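What follows is one structure encoded as structure tokens, with my remarks underneath.
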Amino acid sequence: MEEYPEELRSPPVSLVAVVGCGELHQAITTHLHSQQPPINSLALPDVSKISFLISPKPKTDSSSSAAVGILKRDWLQKHRTRIPSVIAALFTSDRISGDPAQWLQLCSDLEELKASIRARNIRLVLVVVHSHSKDDITEDRMLALRKRAEVDSKYIITFSQNDAFELKQSLHRLGSIFAELANTYYKDEGRKIKTKIEKKSFSSIELSIRYCFKVAVYAEFRRDWVEALRFYEDAYHALREMIGTSTRTTIQRLVEIKTVAEQLHFKISTLLLHGGKIPDAVTWFRQHNTWYKRIIGSPEAVFLHWEWMSRQFLVFAELLETSSIAIPTISSVIVGTAERPLTEWEFHPAHYYQLAAHYLKEKRSSLEFAVSMSESLGEVDSSAESVVPSTYVGQFARLVEQGNAHVMQPLTDDEYTRYAVAEGKRFQDSFEIIALLKKSYESYSNLKVHRMGSFCGFQMAKEYYGVGDFSNAKPLFDGIASLYRQEGWVTLLWEVLGYLRECSRKQGMVKDFIEYSLEMAALPVSSKTGDQLFGFKECGPAGPVSLQQRKLIHNEVFGFICGELELASSDESANLKVTVDNPLHLEIDVVSPLRLVLLASVAFHEHIVKPGSSTSITLSLLSQLPHTVEIDQLEVQFNQSDCNFIIVNSHRHSGALVDGHQGHRVETASSLSLSTNRWLRLTYDVKSDESGKLECISVIAKLAPHFTICCRAESPASMDELPLWKFEDRVETYPTKDPALAFSGQRAIQVEEPESQVDLNLGLSGPAFVGESFLVPVTLASKGHAVYSGELKINLVDVRGGGLISPSDTEPFSMDTHHVQLLGISEPEGEDESQQDTDKIKKIQESFGLVSVPFLKCGESWSCKLEIKWHRPKPVMLYVSLRYSPDSNESTAQKVNIHKSLQIDGKTAIMISHRLLLPFRQDPLLPSRIKPVNDTDQSPSLPSNETSILIISAKNCTDVPLRFQSMSLEVDGDDFGNSCSVQHGGEDLSDPALVVPGEEFKKVFSIIPKTNSSKIGLGNVCLRWRRDSGLDEQSGTTVNSVLTKQKLPDVNLEVSPLVLRLDCPPYAILGEPFTYFIEIQNQTQLLQEVKFSLADAQSFVMSGSHNDTVFVLPKSVHVLSYKLVPLASGVQQLPRFTLTSVRYSAGFQPSIAASTLFVFPSKPHFKMIDVQDKRIKSLATE
Amino acid sequence: MQFFGSSDISPSPTVPTASGNNAHMMYVFNRNGVCLLYREWNRPLRTLDAQQDQKLMFGLLFSLKSLTAKMDPTTAEKGNLGVPQLPGQGCSFHSFRTNTYKLSFMETPSGIKLILVTHPRTGDLREPLKYIYNLYVEYVAKNPLYTPGTPIRCELFNTSLDQYVRSIA
Amino acid sequence: MIVCVAVVGHQNNPLYIQSFTDADDALKLHHIVHCSLDVIDEKVNNPKKSGPTLNETFLGLLYPTENYKVYGYLTNTKVKFILVTTDLDVKDADVRNYFRSFHAAYVDAVSNPFHVPGKKITSKTFAERVTNIVKSFGFSSAA
Amino acid sequence: MAAIYSLYIINKSGGLIFYKDYGSAGRMDTNDSLRMASLWHSMHAISQQLSPISGCSGIELLQADTFDLHCFQSLTGTKFFVVCEPGTLHMEGLLKHIYELYTDYVLKNPFYEMEMPIRCELFDINLSQAIQKDRVALLGR
Amino acid sequence: MAPVAPRSGDAIFANVERVNAELFTLTYGAIVRQLLTDLEEVEEVNKQLDQMGYNIGIRLIDEFLAKSNVSRCVDFKETAEVIAKVGFKMFLGVTASVTNWDADGTCCSIVLEDNPLVDFVELPDTCQGLYYCNILSGVIRGALEMVSMKTEVTWLRDMLRGDDAFELQVKLLKQVPEEYPYKDDE
Amino acid sequence: MGREVAESCVDSILTEMVSTYCNRFYANKPELAARRIEAIGYQVGHQLSERYTMERPRFNDHLEAIKFICKDFWSELFKKQIDNLKTNHRGTFVLQDNKFRWLSRMSIDPSENGDLSQDNPEAAENKAAQMTSMHLYFPCGIIRGALSNLGIPCAVSADMSNLPACSFVVRIKA
């Protein structure tokens, strides 16, 4: 499209001219330009210049030039740039109103102007420029001026520029007048020619065409697209008639016609497209195409035709592309006439680019032919350079100078042809073609139209290939090949591979070359598909698709592989030969196209095997290569490398083959020949000692001393058909004879662990007790085989899943956050501690332990103890697992695992409780008692500075006997030491007390709180105990004696204002009176008024006031005394005494126990007195 | 009474079951004397155990055949008594009657022997036996689950047989 | 005249392709056939475009190349028949008839127990039948 | 046309004591006839064994493809049977009659030894007359 | 009594339940193909087909007898005729002809011009030596054996191998009379 | 109307085919036998669907295809349509034939036992059930073949809980 002249490419714009008053031109032209539609304007300083502009119209009109040509080359340009439709003459007002001389001058100018434009009846406008507003022109002057100029009054306008507004006004006025006049001008011009057409007043078709063209152009000037279109089409049709009429058109004639047709077509389709009538445009183009496609013209210049065709497509493609609205909308509306509907692609530029390229190729070939002809004729086109386009569109002439003038001299056809050929030779078409193809390739790809796209790509690649640009060609080819592979278009693939093969050959890429060759050799081209013979020229470097060809390639590539052949590369630098120093190794995996070449399916006969026991494995190889292939050696590789083995072909076997595979098993096969599409089935035994997965990874086939193919092993079960061959009608056979294996065979099996020859057991003695460090003996005895590098894993897991950790804040014992804790692993006795070094016990955490087991010979055993401590009662799962290897060398031998688990409950062994007692027969009045609230909730109160008694009892709630070694009350630090004195009743237990299950052990402490703080902590009870392990008292008592601590609750302290003490003899004798003292001690500084009363008791007669009120002085004791005579023997209730403190308005009584007395019937006689009354005394005193 | 595997296979006409239990029992033997079927509807008297009974029945038929073949007064050339016969060869018989029962007998060229024992007054049962043979074809021979030469265990056959036999005789 | 007929499997793999021209543009025809699959895809994937011929087996004109017309036919089993012809004005009826008889031939071919579905059609009888159909193409609604 | 092909008389132990053929094709020799008799004897017995209902007295009529066989057994166990064309009537009557002849002319014959083959022309004569009469009777209808 | 004349094959075929031949043809084809893949050797397939045919024959004979009132098959000649004329017709809907009787009437040919088994069938090159229709010979053999004729059936012509018709040669080896099966004869 | 053959041809060939695979080839490997029988059915179904969909517009969705199977396809094979089609609209369809021809003659007598069936009756029962199911692999294969040829990969199983009615369950592979 670019090569078209501007005036053709864009729609014409009406042209006007302004003369005089140069200073205004700038303003005017810019204004006109800004008009809608815009107007181009020529500006002339003064009238005299007009003559240059408007050449006097050549009188010799059409009649003579009839035969010469169709369209004048310059006509359109002339009308767009040189011949104005309107001329505006600008005069300053003073020239009109000025002196006569000026007036005359003006008149003459006018005359001249009129003269020059009359011929072309260009419209005239007079513009009177008012320099300054005040002066005005007399009416008669204006009239005169009008007369002179012979213009209608409305075409004389005044142009005032005093201020912006007026200027604008006048510019606007001017503009509109210009528009109007231009319009009329073009209309008239058009009409004039139209009439000519209508009354057929023309000598030749050329003229009619030319007229139509002109009318159309004029219409375009007026933006009357419809008319323009109509006349362009008329012109176009007329042109076709011309071809029809003019029999045997000469080359040049044809060239001219086509050129014109091209222009007309361009105009038409542009108009259509811009009118948004895409389908019409497309159909139009299709017609255009069909009309001219056949008009090839004379053979020697046929390339011109192809070039022209190509250009048509190119241009149309570009038009389509530029008329952007097109692409999205159309695909939804497929219109077109019923009988020949438009198809999808005709709306895509890609389609046209592709065809453009297609024709350009045609052109190239025919041009090459023409060139070769001309060269063979030995013509030297001397004349070429002097050939130039002539005055008519699509015509050429020789420019010869006669004297100083140049004259156009028509050419003969073959002169022209020679010229054209010479021209043609100057261009390198290939790149043009590639460019075109690229365009369509890309746009197809954008449309996701892959096949079309890749077809273009293929042509591109071929072009690249043609110009020797392999680096560009190869990737393209590769992409296309993959598409064809995937869809199984063998014939097409074959062609592409052929190119690829050559590319890699040229580029000296040995590996690629061989891969491509092998693939081709293995392609599913049977004799059947082969019978579709292709002409050689078309089917690329690979030659025709056929079995024979495959065989040829096979032979070639194998010759090459075996190093017999050299690869003839374009660049000789690379030595392209498979030799020792550059061996070749191909990998074939499941997706590789080379699966055709070699396919390895491997099936174990079992799914699971015992270690060390052998199972058979069947490997089946399949190849589609046309000739039988002898394999030198096969190497089968497993994930367990020591299972790998090698199969050597007994025929080809030479020592060299098994190089570097020492230590690997080597089998010998009678023959390893792969014939086409026949499974080569081999079955061997495999033995693995290592448990776990045994998988066949790959099979490496050595086809030549320096050529190997590594084939990924596939399971028959999961083997999909070969790519490409899967579409071929061909006998299907299973990789294995056994159908079951063929369907379910796997390339991997499970090797079981060797069952362990060691037994591991956990000895357990009953439940564990909280606090004790519990010992779980672990013994392992190897029966079958020795134990190397064994290690023992211990795990403690809460049975109820919950972790063993407890949130420490709720934890009184903050030092251990674990409820259960693995303390240690003690080596068996007898082994000295030095064994216990770091590397042995790997690590011990709270709930995890790892210990290494020493080497055990077969039959030996080893044991250790797990030391576990419970801080909370909790059932726990104990997992112990042994992992070891049954034979010495670490690396190869695989480990054996044994697992044991055991549930252990941790129980609390001992329940500790306590009781507090006040001293005997002494009752402090405690204010807290006064308000008689239920004592349970509040902590008990103690009188300070009074001795109280604390009884602690510990109950054995296990089901085994325990020995209590000591029980002590341990004050926890701080002030307690001096705040309260504690005497243990009795000393540390000399021999540990045996406490049978359920039994309770008590101990009494007396406490005297000496502080005046209101609260006091009684400290912790510390109980040291152990299991009663029958005899062995002394052995390791320290070790496993447990210290159970329990904090006693705090107690309140109170100073008691009054203390009541009862005093009477330890016992009484029936009938014998005794004295019963009641001391009321006032511990306060206040005078205490107390009421008391003494109730009667039927077993005593008493004297003394029964009730009274007394005042007890501060810090003093008031003593009441009574005489009592017991009337009954035995334990008798003394008269109840009740005291009421007025101040505290609280009464209280000694406890019943405190006020009982034993009455002997008669004076007792005691043996072993001292003991007796020691006890009695002690009783009494406390 | 022609019978073809016309899609619906209920023997026509079905007679009210009230009529007939004058059929007593039915035997089917194949060419090798295997009792493919013994079906019994009404048999107060049973002297022998099943095996014996069937054997005896087959023996009777076999002998009677050879007897009739020998006795055949219409042909001069007949082998000695008891020469082996091809099924359908020689003169056979199709029924005999005692005072207590009537036995109808049919043998196909393929050696299938159908024996129907009915009330002595029952008429000619050759056609019904043909019909039963058709039942045999439909439900036994064409039953994919049936293995030729083995005892017949075909529900469909039994039911349709019962139904049909009730309708005849 | 018909220059090429093809059967393309539902994986767009060629099952049968036969050209009836002088050999040297057979390969081009293969390309054309292959490219025409794009159009079929287009038609099938968004049927709205193909308007009335929605899921009709006959797909009509696929696309015109410079010298050929390509017609398509898509069976219920996603097998495509493609016809490449050189004549410029072809009667739809003829093409339909052609495809109908072609389809029949195809069905018989794949009914051969030894034909594995989805594989190339190598039947000779099929080839002969096709040739006959092609020969009789355009002559009334024969074949 | 011979309605009746042959007549057999078998004694209680299955021995053939009388056999007369009235022109059946290929009449059989004595051995055969003897064998036939004993065979029939046993068949007759078996048929009783196989009866579904008690009180069976053996085969009375056997319908073969080409002939009928009517059999009458006297309480003494002697069996008379005639082989005749299929569907021939009145054979029971005939057999009864023959039984009477047998009692009159065979049993009452002082020279006849029980269970032995019958050789009495009186019997033969009357028999043939009876057969004739029967034929006539047949023809009569 | 005289045997009822066998009914004509067409009459029977008109009466029996029928199905599309396609189903039959394709099913048989599929079976043969499957056998080929499973057994690989063509010879083995022939054997199996014959065996299957035999098993079918021994069942089918009863249906044949029941529906065509054939009450006796004692004479080989007429039996062969009946099989060809009635049997083939009533099952396959095609008529076969019996020809090439040898002198002593123990060997003849059954000729089939039309055979639904082989519609659509084309033997691949790899299956030369396959008697595609071998099941037929089996059926005939089995059926005849049930009417106590031991025969040997072989293919003389096979359209799939390019012959103009299918020809089966049926050779009567011997007729086996019925023996009393139980040895203990009381 | 194309050519026809007697139904018993098909019946007997099927019977024999099944017993060949179940009792002779893979007597002890029922799953292998089943696979073969299904494969045979698959091929047949594949080819038949090719045949019976000629001259008919392409199906828009799975349901149409299934309906085709139920109506035209089925009547081609059995001269009757599927009696009842159910679906869960999530790719599972249940096609029920109230009187499935190929089962119409199948029966064994459960009551029979003792001298006739050596093994105990329910064992015989199971055996029979197994054999019956073997016969059903073929029609399952047919359906699967037909559908997959119509571009609907699926799994088909049969349910014969209430003979002679038989329902085929089609599960379309997403």
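A, B, C, D, E and F label the chains in the order they appear, each numbered from 1.
As a working rule, a contact is a pair of C-beta atoms (placed from the backbone, for glycine too) under 8 Å apart; a residue touches a chain by one contact, two chains touch by 3 or more.
Which protein is which chain? UniProt says B, C, D, E = Trafficking protein particle complex subunit.
Note that the structure is a prediction, hence the values are computed from the model and not measured.
K.L.:
Measuring between Cα centroids, which chain is at the maximum distance from subunit F?
P.N.:
D
K.L.:
Nearest chain to the global Cα centroid?
P.N.:
F
K.L.:
Which chain has its C-alpha centroid at the greatest distance from the C-alpha centroid of subunit C?
P.N.:
That would be chain D.
K.L.:
Count the C-beta pairs in contact for B-F and for B-E, then report the pair with the higher count.
P.N.:
B-E
K.L.:
Centroid from C-alpha atoms only, then distance subunit C to subunit E, rounded to Å. What do you get?
P.N.:
That gives a centre separation of 42 Å.
K.L.:
Using Cα averages as centroids, what's the distance between subunit A and subunit F in whole Å?
P.N.:
Measuring from centre to centre gives 46 Å for this pair.
K.L.:
Can you compute the centre-to-centre distance for subunit C and subunit D, using the mean CA position of each chain? Integer Å is fine.
P.N.:
88
K.L.:
Find every residue in subunit B that makes contact with two or more other chains and list them.
P.N.:
Expected reply: 5, 59, 142.
K.L.:
Spell out, as numbers or ranges, the residues of subunit F touching 2 or more other chains.
P.N.:
Only 7-8, 12, 14-15, 19, 43, 47, 51 qualify.
K.L.:
Return the residues of subunit D touching two or more other chains; collapse runs of consecutive numbers into ranges.
P.N.:
In subunit D, the residues touching two or more other chains are 65-66.
K.L.:
Of all residues in subunit F, which touch subunit A in the complex?
P.N.:
On the subunit F side, the touching residues are 29, 32, 35.
K.L.:
Applying the document's contact rule, which stretches of subunit B touch subunit D when the two form their complex?
P.N.:
It comes out as residues 24-25, 42-48, 53, 56-57, 59-60, 63-64, 66-68, 70-78, 80-81, 91-101, 103, 117.
K.L.:
Any idea which subunit B residues touch subunit E in the complex?
P.N.:
Interface residues on the subunit B side: 2-7, 31-34, 55, 58-59, 62, 83-89, 108-112, 130, 133-134, 136-137, 141-142, 148.
K.L.:
How about subunit A: which of its residues touch subunit F in the complex?
P.N.:
Per the touch definition, subunit A meets subunit F at residues 739-740, 743.
K.L.:
Quick one: which bits of subunit F touch subunit C in the complex? Just the residue numbers, please.
P.N.:
Residues 43, 46-47, 49-51, 53-60, 149-151 of subunit F touch subunit C in their complex.
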